[in-house]
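Supplied in structure tokens, the structure appears directly below.
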Amino acid sequence: MRSNGRKAEDIRPTTIITNTNKFAEGSVTIEVGDTKVICTATVDEKVPPFMKGQGKGWITAEYSMLPRATQTRNQREAARGKLTGRTMEIQRLIGRSLRSVVDLHALGERTITLDCDVIQADGGTRTASITGSFVAMTMAIHKIAEQHKLAVFPITDFLAAVSVGVVQEEPVCDLNYEEDSQAKVDMNVIMTGSGKFVEVQGTGEESPFTRDELNQLLALGEQGVKQLVELQRSALGAVANKIDARVSKEA
Amino acid sequence: MRSNGRKAEDIRPTTIITNTNKFAEGSVTIEVGDTKVICTATVDEKVPPFMKGQGKGWITAEYSMLPRATQTRNQREAARGKLTGRTMEIQRLIGRSLRSVVDLHALGERTITLDCDVIQADGGTRTASITGSFVAMTMAIHKIAEQHKLAVFPITDFLAAVSVGVVQEEPVCDLNYEEDSQAKVDMNVIMTGSGKFVEVQGTGEESPFTRDELNQLLALGEQGVKQLVELQRSALGAVANKIDARVSKEA
Amino acid sequence: MRSNGRKAEDIRPTTIITNTNKFAEGSVTIEVGDTKVICTATVDEKVPPFMKGQGKGWITAEYSMLPRATQTRNQREAARGKLTGRTMEIQRLIGRSLRSVVDLHALGERTITLDCDVIQADGGTRTASITGSFVAMTMAIHKIAEQHKLAVFPITDFLAAVSVGVVQEEPVCDLNYEEDSQAKVDMNVIMTGSGKFVEVQGTGEESPFTRDELNQLLALGEQGVKQLVELQRSALGAVANKIDARVSKEA
Amino acid sequence: MRSNGRKAEDIRPTTIITNTNKFAEGSVTIEVGDTKVICTATVDEKVPPFMKGQGKGWITAEYSMLPRATQTRNQREAARGKLTGRTMEIQRLIGRSLRSVVDLHALGERTITLDCDVIQADGGTRTASITGSFVAMTMAIHKIAEQHKLAVFPITDFLAAVSVGVVQEEPVCDLNYEEDSQAKVDMNVIMTGSGKFVEVQGTGEESPFTRDELNQLLALGEQGVKQLVELQRSALGAVANKIDARVSKEA
Amino acid sequence: MRSNGRKAEDIRPTTIITNTNKFAEGSVTIEVGDTKVICTATVDEKVPPFMKGQGKGWITAEYSMLPRATQTRNQREAARGKLTGRTMEIQRLIGRSLRSVVDLHALGERTITLDCDVIQADGGTRTASITGSFVAMTMAIHKIAEQHKLAVFPITDFLAAVSVGVVQEEPVCDLNYEEDSQAKVDMNVIMTGSGKFVEVQGTGEESPFTRDELNQLLALGEQGVKQLVELQRSALGAVANKIDARVSKEA
Amino acid sequence: MRSNGRKAEDIRPTTIITNTNKFAEGSVTIEVGDTKVICTATVDEKVPPFMKGQGKGWITAEYSMLPRATQTRNQREAARGKLTGRTMEIQRLIGRSLRSVVDLHALGERTITLDCDVIQADGGTRTASITGSFVAMTMAIHKIAEQHKLAVFPITDFLAAVSVGVVQEEPVCDLNYEEDSQAKVDMNVIMTGSGKFVEVQGTGEESPFTRDELNQLLALGEQGVKQLVELQRSALGAVANKIDARVSKEA
């Protein structure tokens, strides 16, 4: 039995509250256990230089933790004068994952920037950022669709993420910080609502892992993502139907 | 009559919620109208190099806005690779103001770092940061006092801040963003609970101001700060008595 | 009695020499006691990007100290790779103050950059920079006016600055370094030739100050600025009349 | 049939030449098709600050491409003044992977730094860097073992890496640049000589992938790594036996 | 007698291999004793902003050493975040020297960037970079000439460089690292194929030198450069004739 | 005949005023024609880390130009966030040159930092910096000698520098900016009072130069330096004798 009385496959209590920012085109505050992230989506009616003239949009993300999101205070990256490798890795991952479920041609020459700011961190901040950002992004794209009467709704599927890992020889889902720091294998699973993989990143720095362990972790991830997609669906209300319609059309 | 039906001397609806962060030694979320700032206090049992060996503590502050705290998105300072002059000015001001009401000898060789992160910005973020930080700092120092049985409680007085300005030829208190952008004179008033000035910063970039206008602005600031100190007192509960005791002793 | 036999209200011996640089459109070397600053004004026939197309000009300033301007050598900011918060604060202050007495529409789409380089520092370098820069800027604008036959002379009033403070319980004017380091309250007063305030920045880090002390300091600042404006008038010679003419017209 | 007449499971012609640097404690030049990387291992008889006093060693890596390693010239990161996110991600990956097969306690308080400099790039530079670095690192550790008579040989298994992906709907092994730029799924597989996974990083930015595709890619990676381990074994000669001995002991 | 049995005037065994990079418009690997440098030339069909609209081309160079090119590992400049003064000095020298033998008008509005990457360093890396870059640049310009039918071949003369110095009181040519570190005078001589000087940089930090010593060093440099030009001529094959033709025409 | 009626071998009117800074251990303002440089020497009673424990001192230099030292304004290096290659080259040259005439063992474990700040620039700023810095450094070392009763006076010879070049086919001495920008060959000659060379840096970017031209330039440099050494001698007064005494002893 895990701390908080969770079973191996249980995700933590998770809430996704929308419209938590007065200004952004889309915003959510997502809480996964004691991890809390604010995700805002900003729409810009142009694309970065390297995308110009292709008739396509762009989705990008930035990630940051407040200095005291964690047990001991971390120095601000703005004060250090540069981003850490960890931050760069995470924001590249968030952007790449979100782009996998957006039809960039249908979006048109616009950029959506997702800002993921971790207010409190207790493990799984990057996966919470992806799950939350998907909702914020969908709200912002919905707003564009309403204003610009886009021919096609650009989001092609739901997208959510969860961490899984091997803790004390047992594969478990949605690790909190304490579990994460004991895990010998650590994997992030990012999947679509239709059950396809978008990213799989597994690391066995402490100890290499077998194919069998990998299979168990993927299965745990799969069912964890399913639960998160249901929460996204509730948070989005009627807007979720637009995604479902697009998914049906693709199939 | 101002927007929101406020009179010239009215401050905005203000709430100070304590313990909004699981890890920090002191924390508050302060909301002043639509301005929302998270202030956390971190205690470090040593001082920066330039303070070593003096038997005194140190109080310092950092300030930042989330990129979408404002109507249009601002680039992150971590991405720019350096702090703006505005940020530096604000964090120097917060630290300096707080130090004015702390007996650094009584604190001992410890550093308290206040992190002020603006979640949403509608004018007065630096004054809200000071007002909120004072409470977070007091909570952290209270925690030190309890653990280390300090001989004297190190906080010598309450401290709060408010902005005042001349908007459409009328001096008003606690400007929101809309008022601030029309103001011809803009002043930050930082005062103690006993009614002394700690900082007065008045700027007439759009139009120089007379001694008479200055006097009216100072009076508005004075009564605004008084109201904020009462809110701090409520937020601090019994801990407020320690400050009062110290103020009485000084007098 | 203060060091150098000054009375509380006395400013230090001050000289403003013009045309000390062969290349700049305007230049002065200002000496205030042992503080010595070179101020040059450079005219650029365009404005920064954020000002484009508004039909208005821009005034900006940069400030620096030679490494050995002070008793002990300071590291160069160019070697550190970034400006200190203090430098940023000062150069923002100089630029903002000068803009308050320039009719930017009358100036047209031009930028004037004031470079204030402190050759020797004995207190009051930021106020000396403002007082000297005003003269250098006026000379440069006079040169533009002569070449471009501007419809209106763009400078609307004189501008000078002085520091005041409470030293050994007594309010005094124009502090040197020794006095400044003992001051419990420190204030910079920036005023127009007509006696209006442009900036008032008072700090009581060592000890909060009363309204009464504030009033005395403002009075000392007011009379100090008056003396400095007279020195500016002499330095500018006939060009001073253009400012007077504009002031009369405004009144 | 793939370009160069390769079948889906074929790796490119690969050579690993050792001792290509006169000074380094270990060095190889690895060529995988037209991709060419110099890997050097540097031994430092101390550990970084965060590892001090734990009685353990540290393995770290740096990665860089010569500006004209690629078809068009890339700006040097030294000239940009900072590392790209891609570089940081890669060097973190190389270091983490190598550490997974080193018994850091047996290594003692030493750091080995692997420098991977890409002389020419035609796809798979990060996997070639890992495969080559393993050999360079082993040579350096062998040298330490000879000089310091380490109680146990610190390398616990072979380690190699290969990229796999789905190109034109077909899963293939060891993609060159042309294939990589057409791939809809791209995965790096890093495994030990005993067939365990150390890292699995699969990305379906262009198109999400099914569990079935994932399984096929893992199988391709597995057999690719096996071939590379044989090449490492040849390059290492007698030193390879030390690894085999340690593997047998562990089993 | 010097190490390796060289006489005072002997250069080290030197080879210049062309086309060592698959992508660059010109490339060589030059080995001078144990010093080994890869030089690539990249052609860009535009010039930097400061050269625009002059109808002239531009030649520029960048220089870097792999971290373990030397006996002990050097930190990467990309990791430090800035170039050292030494690197800047060297790349300015390489660019300036090459420009002295190129008719920039005949080249047209194009930029050629020479990248000199030191794979192994045993003294004389900057002179080897110049000697090698000249060949790589010539190959690239030859390629332009073939494609664009330039009216005149833009290279006006050969160019090579050698270091000379006073070691153990004796002037010697082409110092290796060991000699260089004992030299009391150190000079780089850069000359054209016609025997004119392009750069002479002599330094007597350890001990000032006489006019007589200077004369001997120049003579040694002169004959060293002559030998290197012959090696360049062989490496270039038929392309060398184009340079000879241009030299004859000038004379 | 040159501008200002100078003959080929004439240096410009040159003055060296000592003690122009109230705080520095040594200071001069040197004017060479319209070029004006402030040189200050700062003594620090320790050496940089790489020199520790060798019982030797260190001499280093920094160089900077005020933004409006030149005809058009240059951006500050502090604002750019890094030094230009030109600045680095110059400050390395100044430091290296000065060290060549200082007996670092006799100086003891102390650092002398020379700050050369160019107030106005009309050609020859680096040579003026060297000539002026030598005097400032000598004054600072004299002060150390007086306080610490050094066994031997550490300065072994005078040191001065001048630029020479070929302008309109004629070799001339001490070029001003106008001449410098027309010169086809440009050379800096740095020599001791005894007539030995410390640095010779000749550049023929515009046009390679012959051995004959080189000889003429060296001769011009030699007689220019002689005149400058006489001016240094006057500026130093009685302190010059200490250098002469040391020179005699060496001879």
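A few remarks follow.
Order as written gives the chain letters A, B, C, D, E and F; numbering starts at 1 within each chain.
As a working rule, contacts are C-beta pairs under 8 Å (C-beta built on N, C-alpha and C of every residue); 3 or more make two chains touch, one makes a residue touch a chain.
As the structure is a prediction and not an experimental result, all values here were calculated from the model.
Within the contact network of the assembly, the step distance from chain E to chain F comes to 1. For chain D, the chain with the farthest CA centroid is C.
For the pair chain C and chain F, the distance between mean C-alpha positions equals 35 Å. If each chain is reduced to the centroid of its CA atoms, chain B and chain C end up 29 Å from each other. If you average the Cα atoms of chain B and of chain D, the two centres end up 52 Å apart. Taking each chain's centre as the mean of its C-alpha atoms, chain A lies 61 Å from chain F. For chain B, residues touching at least two other chains, in rising order: 81-83. Listed in ring order from chain A, with chain D immediately after it, the chains are A, D, E, F, C, B.
Taken together, the chain D residues at the contact with chain E in this complex read 21-24, 27, 34, 38, 40, 42, 44, 62, 64, 66-71, 73, 76-83, 87, 113, 115, 117, 119-120, 122. Residue ranges of chain E in contact with chain F, taken from their complex: 82-83, 85-86, 88-89, 91-92, 96, 99-101, 157, 187, 191-192, 194, 196-211, 214, 218.
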